[in-house]
Structures are given as C-alpha cells and as structure tokens.
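Here the chain labels run A, B, C, D and E in written order, and each chain numbers its own residues starting at 1.
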Amino acid sequence: MQKEELRSEDKKSSYELFFDIPVGPQHPALKEPAFFKFKVEGERVIGVDADVSYNHRGIEKALEQRNYIQNIYLIERICGICNVAHTLCYAQAVEQIHGKEIPPRANYIRLMIEELARIHSHTLWLGVAAHEIGFDTLFMYVWRDREVVMDLIEMLTGNRVTTAINTIGGVRRDVSDEAKYKVKKGMDILEERLKYYKKVAINDPTINARCSGVGILKPRDAIKLCAVGPTLRASGIKNDVRADDPYALHDEVPFNVITYDTMDVLARVLVRVDETLESVNMVRYCVDHMPSGEVKIKLPLSPPIGESVSRVEAPRGELIHYARSNGTNKPERYKVRTPTFENIPSVCEMLTSKNGYEVNIADIPITLASIDPCFSCTARMEFRDVSKGKTWIWSLEELKAHCKKKGI
Amino acid sequence: MNIVKWARLKSPWLLHFNTGACNACDIEVLAALTPRYDLERFGALLKASPRHADVLVVTGPVTRQVKDRLLRVYNQMPDPKFVVAVGTCCISGGVFNGCYNVYPGLDSVIPVDAYIFGCPPKPEAIINGVVALLKKLEGS
Amino acid sequence: MYPLLELLQILIFPGILFAIFLAFIYEWLDRKIYAKFQNRVGPLYTGPMGILQPFADFVKLLAKEDIVPNDVDKPLFNILPIFALTLSLTGFLALPIISLKGIISFNGDLIFLIVLMTLICIVVIYAGVSSSNRFSTVGAERAALQLLGYEIPMMLSVVSVGIMANSMWIYEIVSIQSNTFWFLIGPGILGFAIFIICGQAELERIPFDIPEAETEIVAGWLTEFSGRKFALFRLTRNVELLYLSGLAVTLFLGGPSGPIILGLEPILYPIYFLIKTLFVLFLLTTLRALFARLRIDQMVNFSWKYLIPIAILHILFVRVIF
Amino acid sequence: MSMLKEIQKSLFKKKATVLYPFKEREKVHIPEGLRGKIVFDREKCTGCLLCSRFCPSGACEIVVDEKGKRPIFHLELCLFCAQCQEVCPKGAIKLTEEFELAAFDKKAFTIR
Amino acid sequence: MNENEISEALKSKFGNNILETKTSKRRVFINISTKVYKDVIRYLVEELGFNHVQTITGVDVGNFIEIMPHLGRGVTVTVKTRIEKNRPALSTITDIVPGASVHEREIHDILGVVFEGHPNLTRIILPENWPEGVYPLRKDYTPEQPVPMKEVS
C-alpha cells in the first residue's frame, strides 16, 4: 500500500530518479557492520533507514550466565574503544550494590586511565573524521601522534586497546613513579600537537568547507531526541555526566565542560579537540596529586541482593548500566545502554533534508562520523526515518523491477 | 619464481570486513596502515571495493545477521583470494562463545588461510601475520 | 622519412613502451612522495626502494579473475578500459620529447590534445553508467558534473598559451619558448596555476577525487571493474598523470628545451623533459597531500566563481599584451 | 596554511615508521608487563582449578594427567586478560611479552 | 531538587499509587502501580523537568515483567512498574519523549512487551531471520549457538 503511494508520487515527478545508496555493512566510511540505506534524489538525501542488528551478539543474556569476575572481560568487549568507560561503569555498579568505597589511589588511577582512554578515543575520532573527508595527510599525522597515548596505555595496563585495568574493588595494576614521569612527558607532546590540530581545524579552508554548516542539530531537537555527549554539547547545551553526576573523583579534579553553539560538524570537531586538551590537564592533575596507599580492596564474589544504576561519561557520551543482583555469583539482570544507541535518532535527523536544509551524499560519511558512532557498543538498533509520513523501503529487486518498468 | 606469483606476493590488497567486532581489532588493523607501522611498505593498500581486493581481513565474531553479507562479499572477490582472521573473537568466537547470536569462529562460515591471535593483536602482530601469510604463499 | 624508425619511435622510444615504463615510475614516485609527506616510507620491499611496486600491482591485477557482473552493459564494459588506455597513450605521442616535435605533429594539434582529454573523461562517465551499480552511477554523475567544472578553465588556460605564441601548433609553441624563456616567468604563470589545478581535477586526485571518493561511494565508477579491466584503468590513470604533467611542461615550461650542446640533443632533450615533468609531478603530489576532498557542488562553485573569471581575465590580459 | 608548513617539515623529518619484521626490531615498543603468550609451569601447579573458574572465555580446559588435574590453555579462545595469572595462588601461570602470534592452524597455540 | 524532595513531590501528587520509594545518592527508585504509569512519567517530564530518558530497562521476574524507565540528567529517577507476563502490554511514552521510541522497540524485541500507541513497533536488534515469539532475555529462553555452515556456497 505504501509502495503504491510512493509510485504514484513518483509518476508526478517522473524526471526525478530515486536511488537507494546502501552504506554498510561493508563500506569504507563505516568500519563497522551497521547498515544505512539512504534514499537519494540526485545528490540530495531525502530519507534514511538504519539497521544495527549486524552487531547484535547477545551480550546481555551472556552476562546473566557468567560470574561477576568473568563479566568484567565480557563487558570490556562490548566496545573496544570505550572499554575503560564500560568496565568503570560496571565496577561502580557492583560496588554500589556492595555498598563499599574503593581506596582513593585506586580512584585516581581509574580516572587517569579513563581520561587517557578519552584522549585515545578522541584523537582516533579526529583521524577518522579527517579520513572521511578525504584528508589522508591529517589522518596519518593524527594517528602518528596518537601512538604516544597508545604507548602510555600499553605501558600502564599491558595492552594497547583492551586495558582490563578496572576490577571490582579497585584497579589491577599500580602506577610506578617512572610511569608517572613518562605520562607527564607524553602529555606535553600531546598538548603541543593538539593545539596545532585545533589551529588546523579552525584555519584549513577545505576542512571548513566540508564541516561547517553540515549536520545541523538544533538544541530543541537534541533535547527531544535525547542526544548525549559531544553531539549534545556541540548544540550548545552544557551537559556532562562528569559534572552533573560526579563519579570516581570528578568532583575533585577540576575541568571545564566544553560547549560550542554552531550545532554543526565543525563544532563537534572543536568540542572533541578541546575536551582532549581538558583531559590532558586532568591526567596531569591526577599524576601530581595521586595519594599513596592500596589500589584494591577485596570484595566477596557474590554481592548482596540489590540494584543499582551507574553512569559514566564515555568518550561518546553518557553511558548507563543497570545491575540487579540476586545474592548469587551471577547477576539477575544486567542492562547496558550505550551512547551511540541514544544518538542514532539525532543522526537520522541530521541526515534528512527538509525545509531548506540540504544534505548531500558527500556529507553522509562525515555526518555519520560526527556522532562518533560505535555500533559495536550499540548493537541493537534500527531506525526508520519517516519522511512525509511514509517509510522509504525498497529492496534491490523491487528497485530493479521498477527501473525496468520505467525503462531506465 | 614465476612473475605472476612474485607480483601476487608483492601486492596484497586488503579488504577489511567487520563481522560484529568490538572495534578494538578494527582500529588496530587501521593503525597498521599509519606512519608508525605503514603496511604500504609491503605493497598492501586498503581497498574499498571487494572487486579490487586480494586479502579479506575479518575481525570480530560472526553474527547471524552478518553471515550472509560476509558470504556475499567473499563471493564478490575475484580469485585468487585469501582470508585472514584477526583477533580471538574472529578465530573462535572467544568471549562470545555460547552466545545465541554468534557463530563459533570464522572458519565455520568461510575457509580461512591465516589466524592472528590476540585480543586485540598489536599492529606489529598483524604485520607479522601478513608477512607470515606471504611467506607461506611463497613456499607453496 | 624512414617508416621503420618512425614505427620504432611510436612503439618503443619515446612512444608507447616508454610511456608505460615512465607511467609506472611516476606512480611509484607519486606514492613515495605522498608517503614522505605523511612521514611514512611507502612501498619499500618490491625491488630496490619499492620501485617495482606499480608494476607488481599491474601484473597481479592482470592475472586475477576477471568478473563481469550479470547486469552490466557487456560490450561497453569490456571495451572501455582498452579505449581509455588508447586515448591516453595517443595523447602522449603528441608530446615533444626527443626533439621539439612530437611523433604526431600537425598544425592545430593542441586542439586535438584537448579533445583527447575530454574523451577520456567521457569514457569514465560511460564506464560508470555501464556498470549499473549504484555507486558507479553516482560516480559517473559526479564525473560528468566535474567535467563541466574544470574543462572550461583548462581550455582557456591552454588557449592563452596559443594566443601568446600566436599558434595552435605545439611545435611552434615550444620553439618560441626555447628561444625566449619568458613564458612562465612572465604572464604565463597564472595560466600554469589554473592548468595545474584543473589537471588535478582531470586526474581525479584529492581535493578533486570526488568521482571515486572512497569513503562516500566506495570506489565510484571503478567499483565493479576487477582484474584486467581494473589494471588497464589504473594504467590509464598513470599514463594520464604523465601526459598531463608533460603537457604542462610543454605549454608553460618550454617543453624539452634547455641549454644544449650541439649534437647531443636526442639525449639532453629527454633529460630536460624528465626533470621538468618531475617538478610538475611534485607540485601535483603536494596539492594532493595538502587538502581535504571538496564536495561536488563546492568544486563546481569554486570553478565557476573563481577559476573561470580568472581564466577569462587572463586571456584578455594576454591578448592585450601580445 | 599551517598544513603546508607541516608537510614541508615532514619532507625533511626522519620517518616515523619502524621497519619492523626485517629490521629495527629493537625499536618495537614492548613495555614490561605486556600481556602476551601464556607460559605454564607444571611444577608449581596444584590443580586448584581457580584459573578455569574465572576464565571469561573458557580458554582453560581442565585435563587429568599423571600428576592430577591441570589446565590446558587454548589461545584461540584466550583474551589475554591475565585473570588466570592474577588468581593463581602459586604463580604457575605467567603472561609473557611475546606477541607475534600468527599461525595457519587454529589450534597452533595450545599451551600445555 | 534533591532526592527526597522528588519522592515527596511524587507521593503528595499520586498518593497510594506510589507503592514504595527508595533513595540513595543521586538515585531515586520508585515503585508505582501500572495505571498511573503514564501520568507519573508525564508529571516527571513536564512538571519536574526530567526530560531525558536515559534508557528503559525490562526485567523478567517470574510471572511479571518489570519495566523501568530511567529519567533525568543529574539525579536519576527510576520508575518501576510491573505488568503480567501472559499479557505484556503497556502504554507508550513516545508521545511525551520522542527519544524513548528506540528503547521501547528494544524491549519489544527482547522481552515481547507490546507498547500500545507506539508509532512503529518493529524489530530492531534481532536478526531478520529470528523466529517470531522467541524472546531471548526472558528467563525461560535457553540460548543455543547457531549451527555452523557445512560448506561454502
């Protein structure tokens, strides 16, 4: 029925040829198996349809079948890039059920690693964004300098990406004085380079041409569609879990919440670069003020009966875990909601042309990238944008049949 | 050595396919192309279209939904083609072993030529794996 | 003349074989310089310094399976790669290398060269359309739009040279330049800049790689080509790179001319030609490393708002002087 | 034109690349405590099975040999999380810094 | 507005329909009866300004399914309500907060709860070929791995 309506409308404007442009599951712009189907008219995008079921692995069920220690490592594999945020959130949720506080040194180490991971994630994103707009030189430079922070993480935790540092009741490795010195030295290099990249992002004519005025998300829509993280802050709304709901030691370590109000992709770039600079300062503060003492307390394997909600500001935005225990060594229910899941309605809004706001095919990759999508986090999402009250879904076969009939 | 075989060894073009990974292996595969590691030294380029590629680099556990697409991409690649499984999840399902939506390993879906262990492997380990694959082909 | 010698010239030096050989070397150089700009090393283990890398790529692609998808336009799909290569090689033959005259040389051959360049782009459009893949179609669409953008300023800049030399014959243009060398250092520099920018667009390299933008439309019009056909298209690109930098040298940098010792012209001329084309190649690669990809509407805007007016003013200016 | 300056600089800068597998092996960043291939010391093992109980992916398989129960580590399942090393009361399990783990056989790395 | 003020405000507004409240640092858990579910959410969103739906959790607790929207940006208010497992239906809150749509669809997928009035309650996260009527996060579902392919087509 809907298809017929579509066709009748098609006849009215027979000079327009509608295309489906599939993006994903294997597509150079998305390194992840999400699937976006764009309805385009020439170069103009008029509808979008997303499917993220490719990455659904059934983690939440698996969490109910393993004990609390095993779950740390399963939680870590929800997302490789924000694994620190996930384990931190998990550890906090379980500690809340236990009702125990962890030693301050452990908190400092957690925060330091979290901020290092944020630097790693944001620089990674900056490089990928440069790659999306075809700026390979910048991509290479950013990733070259990112190796500094990767080496630091590897030195502190034993693996470049998957840190496995947080555990229930503290952290698994202590930080030596030599390591602290190296961290500070690395931060100096990074700060200089990041300031340079900020200059490039503001001044470079082609970056400006590609990023400013693209992917607009108005503050009202952002609130309505529950956007989180840098996507929300780039729309000019001051919101950060670290400030609103401080965890670990975020009420002690000073930092600024960065907002920009141009609402476009360039604002998201600048929010992330500035946040990285903030993180550099926070890591320095942690290194300077780290108290001595234990890094771990021993907690029983089975927490008491209870429930808790734990929130963490992951690099991509607010991350929330809900845990419910039943007194055994396995959780009764563990729910994970990741930032990308919350941001997908917003990105679909950004990618639909309407009322004088035009979206080009060429803008798709950078706009998609601008929310820093992490579908492995999300793994559970499909969105069907309703353009003019109809869903635009055609399979390839239908499209072909249609084209044949029209003699195209 | 005959010239065709030599050319094949010297120009392995990669196609990266993520079958539902946690992104850790993906960023390490991407990192292997960046200045510090520079896979282009071996003539490897990351290609976008399956029609141009020789080596399929797969990361992540194979989920139910992605299996058909993986097969389609695999069939779209021109012969001769090689498959490299990167990371524990891809090799055997790893931590997702027993999940209702995950196949136990890539080799249960398509034939695999080389395995690179690690969770995620260091970019050096990936380079080492690619070089090992090329060496093996040289010998065969 | 001697027909055998001419045949040798066409086939071997400085003809087709030399062009293909040089095209491989140029791709290697392009990749190496690009890598150097990015602080990497680029191809390294294929031959000394990786110099055989493009050749290895070519041979490998030739030996790969050649897939012809079901719903392509088969005759077009099969013939176009050969057609593209032929066009670019023909263009190369018209460039003066061992003497001030190209192998193909006649009065008005400059126009012939411009037509050849446009034809290559039209082949690209056909290639995209014939694959009947959605990405290819979008790529072809973009290639057509881009053609509208860069073709006119490019022609205007070429014509400005013709006005300066008062001839449309490459032989005359080059000989005038070899007597006086004020073409680039004088009023020609603007035309040279326009030609380089448009050349970058013709070659579909960053910032104008819009028709084959990897992150947007996979490989654009090239998406469905595999094996042999893809190899030929890649070779076409390389020969075109060589041909365009050669043309820039011929028109603006005095072609193969330079200080000569009498009697050694056949050796010195190609050396000068190579040195000058390497300079142009370096410029092209720098441009490629310096920018992000533009959007198609931005590219066309840029061309019509800035390039074309500047090119027209340049022509008026040149006309007034000469 | 800050980008132009940067690429000019990198034209004369030393390469960032480590020519890893053939040369410059010593330049590879291998910090102390890198989580790589597992080494197992049969002498120290008492067969307490804690490693198997806490292994998140079931990489520790328990078998019985002449001296009693012991684990076998299947690296194709291993996450290199070092949880087994952490829980082992006798220090029989250790993760070494060896990271070059490429093979043509899925079962190539089974630590006995 | 601190945690206790929120629970007091809710109690004075809805009286007996608030079954139980529990507060801890920046967390409020309230148990409500199903019939005032939508009114409580509307009150929280429109009057008290908790306009951000963090997520909606669904838990299988024996004969009931517990649905818990988590609201707010600073303080997190968790509203709990129970519906019967045999006839799992609840009114939607997407008309109040459009961002909640995706979470409701997720719950529909994994627990089989029908949200009445939802504009587009279709499959989100499960694969296309997943059998209808099988809900993986219900306690009675026992997972099994998919069978490997025998040969490559």
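Convention: a contact is a pair of C-beta atoms (placed from the backbone, for glycine too) under 8 Å apart; a residue touches a chain by one contact, two chains touch by 3 or more.
Keep in mind that what you see is a predicted model, and the values were worked out from it rather than measured.
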Partner chains that chain A and chain B have in common: C, D, E
Graph distance between chain A and chain E, where chains that touch are linked: 1
Reference chain A; chain at largest CA-centroid distance: C
Maximum centroid distance from chain E, chain identifier (CA atoms): C
Chain centre separation in whole Å, for chain D relative to chain C (CA means): 50
Length of the line joining the C-alpha centres of chain A and chain D, rounded to whole Å: 28
Euclidean distance of C-alpha centroids - chain B vs chain E, Å: 40
Residue numbers of chain E (touch at least two other chains): 126-128, 136, 143
Numbers and ranges of chain B residues touching at least 2 other chains: 34-36, 38, 41, 48, 63, 65, 93-95, 97-102, 105, 119, 122
Sites on chain D at which at least two other chains make contact: 3, 7, 15-17, 19, 56-57, 79-81
Pairs of chains, among all present, that meet the touch criterion: A-B, A-C, A-D, A-E, B-C, B-D, B-E, C-D
Contact set on chain D toward chain C in their complex: 3-4, 7, 10-11, 13, 15-17, 19, 22
Chain D-facing residues of chain C, complex: 36-41, 44-45, 286, 289-290
Complex contact set, residues of chain B against chain D: 35-38, 41, 88, 91-95, 97-98, 105, 107, 112-119, 121-122, 124-125, 127-129, 131-133, 136
Interfacial residue positions of chain B with respect to chain E in the complex: 63-65, 67, 71, 74-75, 93, 97-105, 108-111
Residues on chain D engaged by chain B in the complex (per definition of touch): 15-21, 28, 56-58, 74-81, 99-106, 108-109
